[in-house]
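Below you'll find a set of structures to go through.
Each of the next two complexes has chain A plus one more chain, namely chain B in the first and chain C in the second.
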Partner chain A sequence: MDDLIYWVEHSNMLLRRVGSRLTEKARKLPPCRAACPAHVNVQAYVALIQRGMFKEAVEVIRRDLPFPAICGRVCFSPCEDACARVNLDQAVAVRALKRLVADIEREQGRVVAQPLPKKYNEKVAIIGAGPAGLTAAYELAKLGYPVTVFERMAEPGGMMRYCIPDFRLEKFVVANEIAYIEDLGVEIKTGVEFGKDITVESLRKDGYKAIFIAIGTQLGMKLNVPGEDLEGVINAVDFLRAVALGKKIAVGERVAVIGGGNTAIDAARTAKKLGAKEVMILYRRSREEMPALPHEVELAEKDGVKFYFLVAPKQIIGENGRVKAVECLRMRLGEPDETGRRRPIPIAFSEHQYEVDMVIPALGQVVETSVLPPELLSKDKRGPPLQVDPLTLETDISGVFAGGDVATGPASIIEAVGAGKRAAVSIHRYLRGEDLRKDRDEERIEETTWVKDWRLLEKKERRYEPPVEKPHLSFEEAKAYLEKLKSQARFEAFRCLGCGPCAECLAGMELCEGDKAVVDEGKCVGCNVCAIICPVGAIKKNERGVAQVNEELCKGCGLCAARCPERAISMQKLSNEQILAMVLTALER
Partner chain B sequence: MSEWKTVSIRQELIKEIEKILRTGRYRSISEFVSEAIRLRLEELMRAEGISTAKREELLAIPEQLLYTPKHTWAQITPEGNIRVGVSDYAQRHLRGVANVMTEPVGKEVAKMEPFGVVETWMFMFDLYSPVSGKIVKVNEKLKDKPYLVNEDPYGEGWIVEIKPKNSLTLEEELKSLLSPREYNKWVSKLEGRLRE
Partner chain C sequence: MSPDAHPPRIVCFMCNWAFCEEEMRIPYNVDIIRVMCVGRMDPVLVLETFINGAEGVMLVGCKPSDCHFVDGNLHAQRAVKMLKKLLALTGLEPERLKLLLISPLEDRDFSHYAKEFTEEVWKLGNSPLSKEEIVANLAAAKEAVSAFRLRVLLGREEELTEFMNAYGEKIPEEEFEALLDGIVKAEFIRYKIHYLTRVKPRSVKELAQILGIRPSAVLRHITNMRRKGMITLDKVEGYTPLYKALEVR
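Entry: the complex of A and B
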C-alpha cells in the first residue's frame, strides 16, 4: 500500500516505460520537445537531472544540439513557453537547467571530444560558421562525412561570437563549444570569403559534392530617414561587431537606440557599459509588442536604459556633420498586421526632438545578396531574397542547400540549429541518393501529453533562479555554492511532470520502471473503473466486455491495478532486455 | 600530503652547500636540501615505476617558490621581476579555468590586493598579488589557452610578471610570504577544513 501511495504521488514525476511514443503516422513528443526547433530531448535530460546524473544529461542534449552552454545562456526557450506546467503555475526552468549541466561538465575540466570515424568519402562544404553552419557540420560529422566549414571572419561563431555581447554570452563559451565540434573532426577555415575567395564552382572543382550556404544576415537595415549618413550614426550590428573585435569606439554621452528587438537591447546595454551617460531606446510600438525577451528588457532597465514607446524617428538632425538630435513622431496603435502585432500609425504634427550625440539603428538585418550566386536569388524583390524549399532546404542548384537566417530572415540560434539539422539530413539523403522528402521528422512530429486534469496536480512554485552575475568566491565557498546549485537544480527538475510519452533518454535503462498493465480476462467483470481512472486513456472495454490495455499508451502508473475491485489487473515488470529491444525497434522506425 | 622530517647532514657537506649558497642559487641550506631530496625521490620513484601523474601529485609544490595564503606563488625571474601564478592546489580546485583576466600592463598593484580574476564556468576566483609593484608582463598565451593554468601551473601557466617597487620593501614582502613548507601546512589545514 505504501508503494501505491508513492506511485500516485510520484507518477507524474517518474519516467515511464519505453515504447509508447512512436506510431506509424506521427512521432509523438512532449510539448517542450515538439516546440523546440531542434527537438532537444528536454524531458529526458530533466529526468536525468532529477537523479543527479548531470553528465548524462549533457550527453542527451548533445544528441540534438551542439551548443548546450550557449543555448543555456541565450536561447529564447520555446520549450518553456510550451511547458505543460504553464497551465498550473510556471514552466520548468529548462534553460537554466541546461546552462547548469553544461557548466558543471566544464567545471570539472576541459572537455575534449574524440574524433569521429569517417564512413563516407563525399566531401561537404559549409559556408558560414554560425549556428546553422556549425550544427550542419556537427550532424554530418556524426554521420561520418568529411566536412569543411568556411568562415569570412577571423574567428568562427558568426553572430554568436560577434553580435551577442560578452555580458550575455562569454566569448570563451562560444570558443569552447566550437572547439568541441572541431575535436570531432570538422575542419574550420577562417578568413575565407564566399563570393570572392571561393564560389560554388570553385568548391565543385575542389571535389565538394554538396554545399550548404548558411551565411546569415550580416547587413543592418537602414532607417531610410534624412540624416542617416551623419557622423555618429552606426548600425547596431556594426557597433556590436566592432566592440566584439575589440576596436576602440567613442560612445557618445547621450545615445539613442532605435528598435525593439534583442539586438537593440544588446546595443543599448553595451553602450551603457562602455560609458554612455544616458541611453534611450526608441520603439514605435508599445512594450507588449516588443520582440525582445522580457527578462532582457528588465535587465536593461536595471542597467539604467530608458525606454520611450510609440515614437518613430522622422529625421536625424546634424550640426557640422555630427548628430545633434533625433526628431520623432508620436505613434498610436492600429489594427493588427500580418505578424499579429498592432500596426503603429503616426500622429500628425507630433514632432518632438531628443538631443543625442549617437544614434544606433537596430531595425533588423538583411542578407548580403552581393556574395550569393545570382541564379539563387529570387526574382520577387519583396519576398525573401533566397528561394529555398522550407522542408528540404534545397535551392535551384542541385547539391546546393541553404538555410538559417539567410533563408528565413533574422531569427534565433535555436532556429538556426534546427535548420542546420534539417540541412544535414537533406545532404545525407542527397549524397546517398535517397528521397529527400519521404518521412521527414519535421512533418510527423505531433505534440502529446497525458496531463488532462490540472486539479489533480499539486502546485509548486519555481525555485531555481540562477544568479545573473558570477559570484567571486574562494574554494571553500565555491564547493558549497556548487552543491547548493546542484540540489536546487534537482528540486527544479522534479517540477517536471514528465507529461509526454517515454523520453527515450537511453541513458540508464534501469532507471525506467518498465511496468505495464496486464488484464486477467477471466477475472474481469467489465465494470469500467479502470477506464475511468486511467490518466492516459490507455485502457478500455473491448467488444467482448473485457478491459483491454493499449500498450502504445500505457505508462505503467499502476492506478488501474490498485483500483480494480476484482484484482484482475496486475502490473508486469519488463526485463531490461525487453526494454532494450523496444528502444532499438523504436529508434529504427 | 607529504610529511616533514628532520634530516641530518654531514659537516663536510654543509661546507660545500655553503659555498653554493654564496653563489646565490639557493637562499638557505634547507632549500638546497629539500631540492636535493626532491630530485633523489624523483629518481627513486622513476626506478620504482610510479606513474608520471602520481609522481607529479606527490611533488606538486616546487621548493624554490614562495606562496601567499591566497594560493598565488611568486618567483624571482633572472631580470629581477616577480613572476606570479596560481599554485597547484588552487589549480586542482579550478579545473574549469575558462578565462584569465588581469589588470593591464603598467598598472600598479599593492601586496595582497587583487590584480586579476580567474574565471571558471561557474564562479570567479580573485588573484592576490604577493608583492607590490607594477605589472610589466601578462602571459599572452593564456588568452587563447587558459587551460594552461591547469596543465602547467608553475611553468607555462604563469599569469603576470610584476616589477617590484623597490628592493627594500621587496625583501620585507618576500620575507612575509609563506615558504613551501609553511604553505604545505596551510594547505593541509585548509583541506581539513574543507573536509569538515
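Entry: the complex of A and C
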C-alpha cells in the first residue's frame, strides 16, 4: 500500500526513481552482495576497479573474504547470477575482475601483513584448515583472539589444495592466501589428526575456550554396486588427493568417471592430463541437471573428455581382480525431486557395457563420522550426520561449533567462507557472553536496486573475458599485456550499475567518505524538487511535508544540495561552503 | 595573440568519476576541484568562482550514459544553459563557462581539453571583472540564482519538459526555453534593482536609466518586489518616490 501511494505521488516521473522504503531492521544490499554467502562488497571493489585502484580493491575484498585469488578462479559466482544487469544484457564479470586484481597484487608483491594485536585472552581452536576453518580463524584473529588451526594433512588448505587440480587452482595461489592469514598471527599446526592426536576434551584441557569443527567431507561416497572393490576403482577425492600429493598413479587407458559434479569434471580432466587415452563421464541425468559449472564442462569437452548422459552403473565387471568394464543401465527423467532436478528412472533391460580399465566414482563426499565425538552425531541416520543450528552453528556441546561442509554436506568454497564468518561471530558472542541469536546480519538482508525502468539505460555488452591460460611473454610484452588487461577490466567495471546505496569503498578518499545530505527542516518548504532530483530515490516528504533523507540509500552525490530552491539541503562532508573555500584557496595560489 | 602575457586563471570542477587517472597532466593555470558529480555544482558556486577572480570556469563530467548518478550530467547541462543566459545579461562572456562531458575511459588526456579551453578564454581577452558594473551585475546574478524562483525552475525542468506537470501537460522544449529566458531576465533585473537600491534610495526613473529599460517595466518589477518584501518606499522627494532595498532573509 505504502508503495502504491509513493507510486502515485511520483507517477509523473515515469516511475523510475522510486527508492524502496527500508524497514527498520533490514539491511539493504545490492543483489550481488546479498547473493554472496560471504557478503563480499562487490559493488565497492568494482567501483575501485573503475578508478584503476586495484590494490585498494583487494583490500576491500579482504574485508569479507580472505581468498580473493582462489575465489577469483573457482568460485561459482552467485554474484554474477544475481547481478541486476542481466535484465539489460549480461552480468558484470565479477569473478574475472576479482581474479585480476588479486593476481596483480600477488605478482607485484603483496605487502606482508602485520600480526594483529591480541585483544582477548581466550584461546580458540579450529579443526580443519579448509576454507571454513581458515575464514573463521581469519575473522577471529581480526577480532583479536589467539587462534590455532589444527590440520591433519601436511599442508593447510583442505579441499582447495588437495581436491581442486593444479590447472584450475594453482598451489602457490593457495599458499599465498594462507600465508596472508598466517601473517596476521593465526597459528596453523599441521599433521595433527582430530579424534586421534587431539579431542574436544584434550583441547579443553589445553585451555581452548571455544572449538570450531570444520573438518569438511573427506570420504568419497560409495557407488553401492557389485565390483566396487576391484583393482582400478578409485574414488575421485582419493584420486585427486593422491595426484595433489604427487603420488604416482597408474592411470588406465580408458577411464570412466561417474558423476556430474565439479569433482567429476576435475577428476576427468586430471586423468586426461595424466595420459589416459579416453576419458568418459557417465552421468545419470542430462546435461541441464549437471551441478558442474557450465564453463568447466566446456573446458572438459575441449580437453577431449566424452560425456554419456542418462546412464547409471549397475555393476563393475572384473577380470583377474582388475576392472574390465562397467555395466550400465539407461535412464529416463521423471518428476522433479526435492532438489528441483528431475529424478532419473532406470529403463529395464537396457544394460550395456563400457570397456574401461579404470573407474572413478565421483558421487559426492560424506563426513568421516568416526573422528567426531559420538555425542555430536545425530541419531537420525538419514539426515545430516552432525546436528548444528543453521544460524549460529552451535552444536549440542556448549562451546563447540561446527560448520562448513561437515554440517551442510559438500558445497562450495564461498559457502564454507560464509559458514566460517558466521562461526566467528557466534564464537565471539559466546566468549563475550552475548546473545548468539540477536540481530544476526544473515537474517535481515534484503536486496535492492534503484533501477526501476530498464529502458532508460544503455546496453553495453560484456567485453571482458578473462584469460584462461597465461601467455608466455617477454618482459616488455607482459607489461603491455597487463596494461591491456587493466584497461579492459576498467571497461568491464564501468558496466556495474551500482545498485546498492553508498558502496563504502572509497574510505581512503577525501571526497566520498559516505557523504550524506542533511535537510534543514526549518528552511524546507516541501517543494519536492529534491525528491525529483535524487537519482536513487533517497529523499521523500515525510508526514510533516518536510523532505527526509534516507541515509541508507543516499549516495552523497549532492544533486539535491545543488538544486534545493531554499538551499535547505547541505552535504555533511562536501558542503557548498567547503567547495567555495577550495575555490578561494585555489585562486589565491 | 593576447594582450595579456599570463594565461587566464581557470577553475575546473571535475566529477570524481571522470578522469580518474592518478597521473594527470594539468596546465599550471588550471585548478581542479573534485566534486562527486558535475550535477552537484550549485549555480551559485559557479558565479562565486567568477566573482572571486576566475577568468574561466570549466565543468567536467561523464558522458550522458556513464553518469554514476543516472543523469547528474544532464542536470549540469541544464544549469549551464541557464547560467549562460544569465552571464550574457551580466556582460561577462558566456564562453567563459564550459561544460565538458567525456567518457572516463576513452578520453584520457585532460591536458588537451584544458589547453583548448585556455586558448578560448585567452582569446576573449582580460576578464572584464575590473569594471564595476560587471561586478555589480554578477552579484545581482548570484542573488538571482540563490533565490527560489530560478532554482525551482531548474530543479523541475526535467519533470516539466520530459515528463508532465501537475495538470498532465508536457511543456514543449521551445516554450520552456522562452519561459526560462523571461524568468532569467526578470529575476536578474529584480535583483539588480535590489542591488542598486541597497546602496542608496533611488527613483524609478533613475533605475530605468541605469538598467536601460522602460520606467513602466521597472515599476512593474518594483510592485512585484514590494509584494515579496524585497523593497520598500523610503521617502518621497517632491513628487518622486524613492525606493530602498530590504534585507531578504
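Simple rule for what comes next: the second predicted complex is superposed on the first by the 481 of 589 C-alpha atoms of A that agree within 3 Å, B and C clash if a C-alpha of one lies under 4 Å from a C-alpha of the other, contacts with A are read in each partner's own complex, and residues count from 1 in each chain.
One rule holds in what follows: a residue touches a chain if its C-beta (ideal position, glycine included) is under 8 Å from a C-beta of that chain, and two chains touch if they have at least 3 such contacts.
All figures in this text were calculated on a predicted structure; none of them were measured in a lab.
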Exercise. Any idea whether chain B or chain C touches more of chain A?
Worked result: C
For this session: Using the superposition on chain A described above, determine whether A:472 touches chain B (first), chain C (second), both, or neither.
Result: first
Exercise. Regarding the shared-chain residue A:104, is it in contact with chain B (first), chain C (second), both, or neither?
Worked result: first
For this session: Could you look at A:167 and tell me whether it touches chain B, chain C, both or neither (first, second, both, neither)?
Result: neither
Exercise. After lining up the shared chain so the two structures overlap, which partner does A:482 touch, if you call chain B first and chain C second: first, second, both or neither?
Worked result: first
Exercise. Is A:563 touching the first partner chain B, the second partner chain C, both, or neither of them?
Worked result: second
Exercise. Looking at the overlay, what does A:308 touch: chain B (first), chain C (second), both, or neither?
Worked result: neither
Seminar exercise, completed: Residue positions on chain C within touch of chain A in the complex are 9, 11, 13, 16-17, 20-22, 31, 33-37, 39-45, 48-49, 52-54, 65-66, 68-72, 75, 79, 104-105, 146, 148-149, 151-152, 154-156, 158-159, 163-166
Exercise. For chain A, which residues count as touching chain B in their complex?
Worked result: 69, 103-104, 106-110, 170, 172-173, 176, 470-476, 478-479, 481-482, 485
For this session: Enumerate the contact residues on chain B facing chain A in the complex.
Result: 90, 93, 95-96, 98-99, 117, 119-126, 146-147, 150, 190, 193-194
Exercise. What does chain A use to touch chain C in their complex?
Worked result: 12-14, 17, 50-52, 457-458, 487, 490-491, 494, 498, 509-512, 515, 527, 529-530, 532-533, 535-536, 555-559, 561-567, 574, 576, 579-580, 582-584, 586-587, 589
